[in-house]
Structure formats: structure tokens, C-alpha cells
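All chains are identified by letter, namely A, B and C, in their written order; residue positions are counted from 1 within each chain.
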Amino acid sequence: MGSVLLKNYCQRVVTPKGNTKTILNGIDLGVSQGEQVAIVGSSGAGKTTLLKALIFSSKPSSGQIFFNGQNPWLSSSVVRHKHRRLVSFVPQEPSFPLRQSVYNAVLAGCLPTTNLLTSLVSLIYPKNVDAVTEVLHKFQLSDKIANRVDQLSGGERQRVSLARALISEASFWTIDEPLSGLDPKLADTVIKTLRDHAKQKKITFVCTLHQVEFALRYFPRVVGIKEGNLAFDLPVERVTPSLLEDTYERHKNC
Amino acid sequence: MQVDLRLSEIVAYDNLENIFKFLAEFFPPHTEKDFLKAVLIALWETLAISIVGTLLSAIFGLTLAYFSSEYNDTIAGKISSDFCKFLLNVLRSIPELVWAALLIISAGLGPFAGCLAIIFHTTGVLGRLFSDALENVPPEAPGVLRINGVSNFNIFLHNKMSQLTVQFSSYILYRWENNIRVASVLGLVGAGGLGQLLSFHLGLFLMDKACTVILAMLLLILFVDGLSYSIRRRIY
Amino acid sequence: MLASEYRDTIARRNFTFVVIFIVLFFPLIQTVEFYPWVLFGEKNLKITIDFLSTFYPPNLTNTFLLKVFESSLQTVAIATVGLFFALLIGIPSALLITTALSVSEFENRKPVLPYFFRYLIRALLILLRSIPEIVWALIFVRVVGLGPTAGILAIALTYGGMLGKVYAEILESGDNPPGKYAMQIGCSRLQVLMYFLIPQNLLELLSYTVYRWECAIRSTVIMGFVGAGGLGFQLESSLKMFAGDEVLTILFAFIGLVWLSDYFSKSVRKSLT
């Protein structure tokens, strides 16, 4: 249950000065269930906004989005919020409440499907400990379960943040820069873990990547964004170096 | 207003001797064993009123604060949120003594009315402080949780509250310092504790006994102030 | 650490808290006689409903509104005069106990006599402000009779204690290099006060004083309950007569008074900073 279709999707914002700035311009993009897609593009091209658009986090200025065949903006906010449980979003900058333990931080991934009673009980008697251990083990963090998140290194924090996606029951993953703060060997392990887990559970996996080599190596489909427009949307074999150079070329008259 | 000043001047100069004679009646404070026992019981009652009152206010205040700061999406939610804010304002505008005088009519004389009075007023105060703090939590972390489909209650419990426990404990301890003073004097309108004992003995002009009660109040207030201060130092 | 170890540690800690809380809380509830069902007992419920029904409509007759207005004015007068006398107590004590004006502090010596003297005055201030003002009011009502004087005296003593402590702290706050320089070159302490300490801290001193004035108005209403005049006194007599309509009007007047004084205090403080 994780397919998205964007039709002529536009996102505009009003800057503090009062001008209208177009962040996404007429994007047509469809992702079907179980696909794995990497989004590449230069900084500020609109990658994060596109990622957020896929999970209907804010209303489009114009155009449509269909999640699992339905337009979520036509339903009430309560229904829409229920659909959000099918999605897992991991932001670029991991943010946790101060002094939270790694255990609690990872458990936040389970929160969407935790009801009131379980939530209150878990205040006193921690639940889901095995699930948390399993997930931390995949990221080589099992011994850090009781540590405070703000005492971890940047790379460790990033892995805790990604662990939330693994532990959730979402069927659609949107991850913003999963490899930031990770050294190349660790990045290798992490992206493999994410990809294999997604493939096994048939989870639709979309992420933005700065490291183009990883995108080309691990993803069957690559989407390029340039200045808010869709530059290309191709299976990875057909992505040429000149196409990439074109996408990353900055506007000359800045 | 002119009547006020003239009155105070006359009293201050002419009756000075009488005032001193009157104040001398307070000392030495009465220390007979049975009476001291009664004072101790009243002291315990006052302490209990302040603790139960402050803790229950924290719970009710937190509940009202949650409802008044979270549900702004739907129209029904906005109405209930505004209603809770209004309720909190009414509760905290009316001082505890006035609440006590009103509640004695329904709850009868004794510590229950005093405890309820503290609960009504302090719920308003703490509820307002809590809801302001809840609204001022930096929105990035809750925002991510929202995008992931976490319910409002879970965001509140697992994200906002884990950031705010120290601050809220500090608020609660400050209110306890205030409430021990309030609990001491609510008895003056009949709401139990040391206040009721004081009013009784002052009414009978038993000044030395009244002095003991006042000293007990003073010790209790200083004790709670000190305890609250040391707890706050430890949790920071 | 193993996950199950972690869970057990946390669970054990939480369970202990819960148990301690329950064990301590129940005797407290019993002492306080916290039995909410009493409120809904047949007799009490009837009294409550009867009393509440007298509340509406509020008493808006001209004669009564005039009385309420006069009481409100009297409350403001009591608070203001009381605070004025509090200044007479607070300012001298603050100057005596503040270490910002102490030559021995400046020289970093620790002679016994000034310390002891300061400590004595500090203890006196603590005594003045730890005894709730309503208790002072009760005592003074026995001395000078019912009426505004008792309230004025009670406010003077309690708030004098508060102002003394906080003024001293405000004068000590901040580094104050100009003041230290003045001490260094031998200025008299009066000169240090007038030319350095006061100009530097004037805004904060005034701001705190205005805030305390606003608190004094609320205190005065409460003291009125034991006979110290003003709106509180009127509220108590209306309550005694179970005149709910009068009570409602007085409550509105009280809320309005508090709101006005709060607004006034905030705007004065805003214009100061």
C-alpha cells in the first residue's frame, strides 16, 4: 500500500519580502509500490520539497497528488492524518528532545501505531524492547541502547534517526539524505541495510542523495531535479554523465 | 481617602503604649504539651492540604493545558481549546481565599474546602504556564512526528513532555511554596489547618497560644521554602 | 547493555516511584478528607444549587454599584499607601544589607560585626515577609480595629520585607565597574549610591516596585476578608448574607480591577525599558 502519483504538481511560497518563489514547477512523477527511487540534484533544487510533497505534508499550490489512488487533500484532516501512518519520513537533520535515551528515540518510530493505553503503560513499563534491539543491531548500535542521544556522535545520531524508519510499520519510506554524516564504509552498510529491508518487506523506498555514486550503484531508478523542474526520470542504466552534469549545472546568471 | 491617613496617624501616635501592651501579650508563646500536640496535628493537616492541592492541580492543569494547546485543526477542536483557555483564566483570576469562602458553602467547613480552593486556583495558574510552555516547544521534532502520522497525544507524551519535565517540576515547586502560605491561612475562613486554629485562639484573645500557632506557620513556610529550593537545585 | 537489562532497570525505577507515590499519597488524602462525593450528597447539592441560583442576575442597581466603586477605590488607596510605607521600611533596610555598598565586601575582608549586623536585618526581613500578610492584618485588626488602617500596616510590613530583600539584590546584581572604580578612588558610599548604583539600576527598581504594587492590590482584597477594608471586606459581608447577585458583581469588579492594574503595571514597565 504505497504508491504515489504527482500530476503537474506545483509548490510556491511567498518570501518574507513578498515575492512569490516557485519551488516545484509542474512535476509529473509516479512511484508504484515496492519501487526504489533515488532523487538527485544540486542544493536548493527542491529535492526535500519534492520528498515532502510525495507524502502530502503540505498542500500543493496547484496540481494534484494521488496516494494509493486517492487524493488525500479531498479527505478530512483526520482521515488524512490516518493515512500518514503508512508513511515514514526521516528528515535531513536528526532532531531529538534533549536528554532522550536512544531507546526512546528509536521507539518514536512506533508511535504512529501506538494507541492511548499502550502509550501510557509504556511510560512505566518499556515495551517493544526486542524490536528496538533488532533494529539497532542492524546499524551496529546495540550497545548504545541506554545512552543519551545528545551524547552520541553525528554518525550515530543519523543511524538512530534511520532506525526509526526500520522499526515503523510504514509501507512507504521517504528519507532525506540518509548518508549524511556517515563515512564511506558505514554508508555502504547503511544503504544496503535499508535497501534490503525495503525489498524484503516490499516497502516503497524514495530518498534524496547527494552522493550520486551511491544512487547509481544501489538504486534501479533515478530522478533528477533542477531548479524545481523534473530534469530526468530514468532507469539507472540510461543515466549518462552528461545528463548528470547538466542537472547539477547552476544557473549562470546568479 | 483622607479619612484613611488621618486615622492611621492618630492611632500611631496616641495609642502607641496600648499597642506595645497588646503585643507583649503574645510572649512568651504557649508551650503546654497537649496544646503543642494540637498545633502539630494542624501543621500536618496544613502540609497535607498544600501537597494534595498542588499535586492534583498539576494533573488537572496539565490536562487542561493539553486540550487548550493541541486541537486547533478542526472547528470542534478550536472551540474546546478556546473553552479550556477561558476556563483556566477564570480559575486563576479568583484568589484561593475567595474560592475557599465559596466552596465552604458546598463542601462544608474543614480541610476539604481548603484543598479544593487551592486546586481550583492553582489549576488555572499551572494550566496557563503549562500551555504556554507546550506552545513554545521548538516545532522541528514534533513536526517530523506529525508528518509520520503520530497522534497529538503521543507527540505530547513522548516528545513535548520529555523536553519539559524539568521546567514543569520547577513551576510545580514554586507553586508549592506559594500554596503552603495559602494553606496556612485558608483556615481563617474555616478551611482547616493552622489558620483555623489561629482564628479560634485570636477570637478568644488567647494571644500566647496564637503566638505559638504563628510561629508554627513560620517554621512550616520556611521548611517548605528550603525543601523546594534544595529539590530544585538537585534537578537542575 | 542488553535490551532486557535496560527494560528491567527502567521498569524497576518507575515501579518504585509509583509505589512510593501511592503509599505517601493515600494518608495525605485521608488527612485532607478529600472525598469528592461529599459535594454531590443530597443536602450539599441542594445548598450549592440554591446558592448558585442567587448568582444570576448580578446586582446592578445604582446604589450597589456605587458602593462597589467606592470599595474598589478604597482598595487601591490602601494598596498604594501601604506600598508607600513599605518603601519606608524597604529602602533603608536594602541600603543596610546590600553588599554593593559595603566597604568590607569591596576590600574582600570579612569582619564579624558588619556581617552579624547585616545578617540580623536580613533575618528581620525574612520574618516580615514569611508571615502571610493576612495574619498581620488579623493582628492589626485587633489593635487598630476594623478598617483600612490594619490593611495599610499589614502591607507595609510584608511588602517592606520583600522590597528590602529584592532592592538589595538588584543593587548587587551586575558587575558595576563604574561603582567599583568610585569606591577605589575613595568616594563616600552615599556618592556611590547616588551617582552610580541608583542610575544604573533605576529601571529595574521601578519595574519591580510597580509589579509589587499590582500584587499589593490583590493582597488588599484578600485581607479585606478579615476586616481590613476595601473590596474584600464587602465581598465577605455579601457572602455571609448568601447574596449571590452581589457576590457576582463584586467578583466582576475584582477581575476588572486586577486586569486594570495589570494593564497599567505592564504599560508602565514597558515604557521604562
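Definition applied: a residue touches a chain if its C-beta (ideal position, glycine included) is under 8 Å from a C-beta of that chain, and two chains touch if they have at least 3 such contacts.
Fair warning: this is a prediction, and the values are worked out from it, not measured in the lab.
Visitor: Need the most distant chain from subunit C, centre defined as the mean of C-alpha atoms.
Guide: Greatest centre separation from subunit C goes to chain A.
Visitor: Suppose every chain is reduced to the average of its Cα atoms; which one is closest to the average of all protein Cα atoms?
Guide: B
Visitor: Can you compute the centre-to-centre distance for subunit A and subunit C, using the mean CA position of each chain? Integer Å is fine.
Guide: 53
Visitor: Cα centroid separation between subunit A and subunit B, in whole Å?
Guide: The mean C-alpha positions of subunit A and subunit B differ by 48 Å.
Visitor: Averaging over Cα atoms per chain, report the distance between subunit B and subunit C in Å.
Guide: It comes to 12 Å between the two C-alpha centres.
Visitor: Out of subunit A, which residues touch more than one other chain, so two or more?
Guide: Residues 123 of subunit A touch two or more partner chains.
Visitor: Tell me, which parts of subunit B touch subunit A in their complex?
Guide: 73-74, 140-141, 144-151, 153-155, 157-160, 162-163
Visitor: Write out the stretch or stretches of subunit A touching subunit C in their complex.
Guide: Answer in residue numbers: 103, 123-126, 129-130, 132-133, 142-143, 145-146.
Visitor: Would you pull the subunit C residues touching subunit B in the complex into a rising list?
Guide: Result: residues 25, 28-29, 31-35, 38-39, 44, 47-48, 51, 73-74, 77-78, 81, 126-127, 130-132, 134-135, 138-139, 142-144, 147-149, 152-153, 218, 221-222, 225-226, 235-236, 239, 242, 247, 251, 254-255, 258 of subunit C touch subunit B.
Visitor: Which stretch or stretches of subunit C touch subunit A in the complex?
Guide: By the definition above, subunit C touches subunit A via 1-4, 6-7, 9-11, 14-15, 18.
Visitor: Would you pull the subunit A residues touching subunit B in the complex into a rising list?
Guide: Within the complex, subunit A touches subunit B at residues 52, 55, 57, 77-78, 81-91, 93, 95-100, 104, 107-109, 111-112, 114, 116, 119-120, 123, 164, 168, 170.
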